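Chain lettering (A, B and C) follows the sequence in which the chains are written, and residue indices restart at 1 in each chain.
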């Protein structure tokens, strides 16, 4: 009897020791993340101008949000950027990683250079790309590099007012976003490729498989877990992107370039609807959690397959 | 092993300890007067003046800068919530929010100070500069009538023209009417010079431009009626306002990319002679001077659409400070602001930062181009001095609509209908709330 | 045979052409920044050549002195090191526990960290400020450090946990039989084995802290506490009219992090390939 009691007290001590490991993380987390978020949920049920009394309005903000076309448009815009990032950015990153995985010259140079864009601050990137995409002219010559280039190679009809044309503004932002982000995908995918046992390639070669079928049957299956992580990080990063949008088109081109975070900031700073802004934040978090849960489920299926 | 446990405990203790250490720490308590502002271009001059003041009076002044203005505004909101506002600060928001700050006891009433000595302080200042900080007897915000802020400078927003470029294009006279303006644009475009550039990526500038024409076309009363919901945005006069943008856009009067241009970039364009006209505030004198000291330009009112009514432009106090009602150093803070708005200091600020002074006696110190701006102060108006203001969501729809028209996406009629729809929805919401 | 060689060479040529063109777009902004930073305000808009005709390094000195970069630089270094060390210690402890130790509610705690990655931060500015103020942590270095540790915590815990999951536990078992405590195993066995993954977390978080300015502006008010990016924001606002000096400031801010990346990049390749992202 006494022994069992001692056992369980040892076990209790053991478990509480285990809790000690996560304690610092949980404390910081609870204070700086959970508490403000509960506050946000609370605020989302109120009407508040940022000063003065908070009026409880129940779920009214959320109801209003459901029929707020601009809000859903901004979600779609973020999705559009994300789709570009998922396809263009990641395919580019994968191609570059494949190239740099081989024994080629200047491998180290490429590896360093491809990571420069993520290192630069988004404000700088926005500034430089605004100059590249500038549509103005001085003394009959295009100021912006892109239009200048198009003009000088005889494609004058393709010159455009890139950031003020609803047909191109968001795409330009998406491409710059991809340009900034592909370095991360590149480096992760390259690392993944390096873990693949080179003997597998040799074996495939001996079996007489073409390089194409080796790619599909050896490389891709081995890369699935890495690709999944890259996909999840891409989705989260792209959906929440906003600094680049602000630095490229200011307060936006009508609503063609609005993304959720700029809408949230706009409601807080511009129209001073803090409650509504918080409702947007909660709504957006729910959407992202749902998307990640779906991706998690999908990835589990893929891994089993 | 003990080392390891000690290390872990240290980390935990450090984390927890930080809070208690933080909690136990008393707020910094000094005799300094603390000022928060957002004016990057004037920071240096403020510092110099604060230094002088300390030397003269022994009262220390501490000035902290937060930029850009969005960040500043957010910080003011957060600090108001946490009740940690400094002794002197500025409110960058609409009059309604200003009124709330007063109602919740965060801003001191300075009326008595202004009225002292037969109103010496009040009379030294430009009335236009004070209006922004004044709540009239019939204000709709339930605020006790009075003056609640101290203007630091005066500003207005109008058009600038590049004399050399106009000459180059053969435009002999500065356009006064809308048709003359369109003709000038045509001539400019034919020699490859852009017409009007402005930083409408900061959308309130486009809003101000529209407001100028609204005043010119229909006058203040009808605008106020619209805000109250008595006149719809589909009214022919409002359609005329929207059509100003369509006409200008179709005539090629706007520089490329105007709708998403940050104002700094627009200022660069004008300073480097990429466009012949600019729509910008009087602060531009300082900016253009730094970018291109040889720029040969002058100021003008936007060309009139309706010859029978005056063109009104936005203007008034450029920036104002208020005193924290809850500050323990209220008296000292007011004394400092009084000193800052006095002739000598205002003249210094006007000279150093090339802004129009708020003190009328300091006007002698300003450069020539600035006096062009000073001359038209009587023509100015500003949303903060209007009796009614538009609901924020309607303003948003209105401004975004202007963008749509400029890029040729929507017609004035479509925009007018959409804005009116938002207006009705927001009015409905307001009624339900009461 | 000849045809084969030509075809192979062609393929390499095309490959390098592709890689080079991407590399050029990556290097271009950096090059442009440096190019502009050595020009002066008069020539910058007129000099159309690729290389500036007059080189003037004085802009760097001006930027350094005018922008008060000395203090900002020191602060950024301090923030980056302390946040990164804090994150590595705290997140590796938690990740180790999530992966190796058992206690009630383990998975729930872990999911909490995963979900936190989905919450957009800008929404919580005002509540965060009010909270920090209650704790008297506004305008203190420690307050900002704790906030930034929190920002990087989720991703780091997740990456490290994935890594520990993949790591064989043989060595740890051996250590346990030798009588080591959990703390010793974590510190002496697991963490050294995870070194490559730690390298990844270091560069991820260092980049994040170095380039952060929004929280810093919200929480800090004294110039003596401000990190470099905030100084840079003000600097940009003051000097937009003087491009070369602004570009010099931007270059100064970019250099340290590029150097850090150069130093860490070998570890990153090693780190990621050791399974940190192979989840």
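Basically, contacts are C-beta pairs under 8 Å (C-beta built on N, C-alpha and C of every residue); 3 or more make two chains touch, one makes a residue touch a chain.
All of these numbers come straight from a predicted model, not from anything done at the bench.
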Show me the overlap between the contact partners of chain A and those of chain B. C
Farthest from chain C by Cα centre, which chain is it? Let me know. B
Given the two chain pairs B-C and A-C, which is bridged by the higher number of C-beta pairs in contact? A-C
Once you find the CA centre of chain B and the CA centre of chain C, what distance in Å lies between them? 37
Note: chain C sits from chain A at a C-alpha centroid distance in Å of 16
Which residues does chain C have that touch at least 2 chains other than itself? 90, 93, 125-126, 130, 135, 146, 186, 233
Touching two or more other chains, which residues of chain A qualify? 24, 28, 31, 50, 265, 268
What residues in chain B touch two or more of the other chains? 8, 11, 15, 19, 74, 77, 81, 272
Chain A-touching residues of chain C, taken from the complex the two chains share: 12, 15-16, 18-19, 22-23, 25-27, 29-30, 32-33, 90-91, 93-94, 96-98, 101-104, 109, 112-120, 122-128, 130-131, 135, 146-147, 149-150, 153, 157, 162, 182, 186, 207, 211, 229, 232-233, 236, 250, 253-254, 257-258, 261-262, 265, 268-275, 277-279
In their shared complex, chain B is touched by residues of chain C numbered 41, 45, 89-90, 93, 125-126, 129-130, 133-138, 140, 142-143, 146, 180-181, 183-184, 186-188, 214, 217-218, 221-223, 233-234, 237-238, 240-242
Contacts from chain B onto chain C in the complex sit at residues 1, 4-5, 7-8, 11, 15, 18-19, 21-25, 27, 36, 40-41, 43, 64-68, 71, 74-75, 77-79, 81-82, 84, 264, 267-268, 272, 287, 290-291
Touching chain B in the complex: which residues of chain A? 20, 23-24, 27-28, 31, 49-52, 130, 134-140, 143, 161, 163-166, 169, 248-255, 265, 268-273
Which residues of chain A touch chain C once you look at their complex with the stated criterion? 15, 17-19, 21-22, 24-26, 28-29, 31-37, 39-40, 43, 50, 92, 95-96, 99-100, 104-106, 109-125, 128, 179, 183, 187-188, 190-192, 194-195, 225-226, 228-230, 236, 240, 242, 260-261, 264-265, 268, 274, 277-278, 280-282, 284-285, 288-289, 292
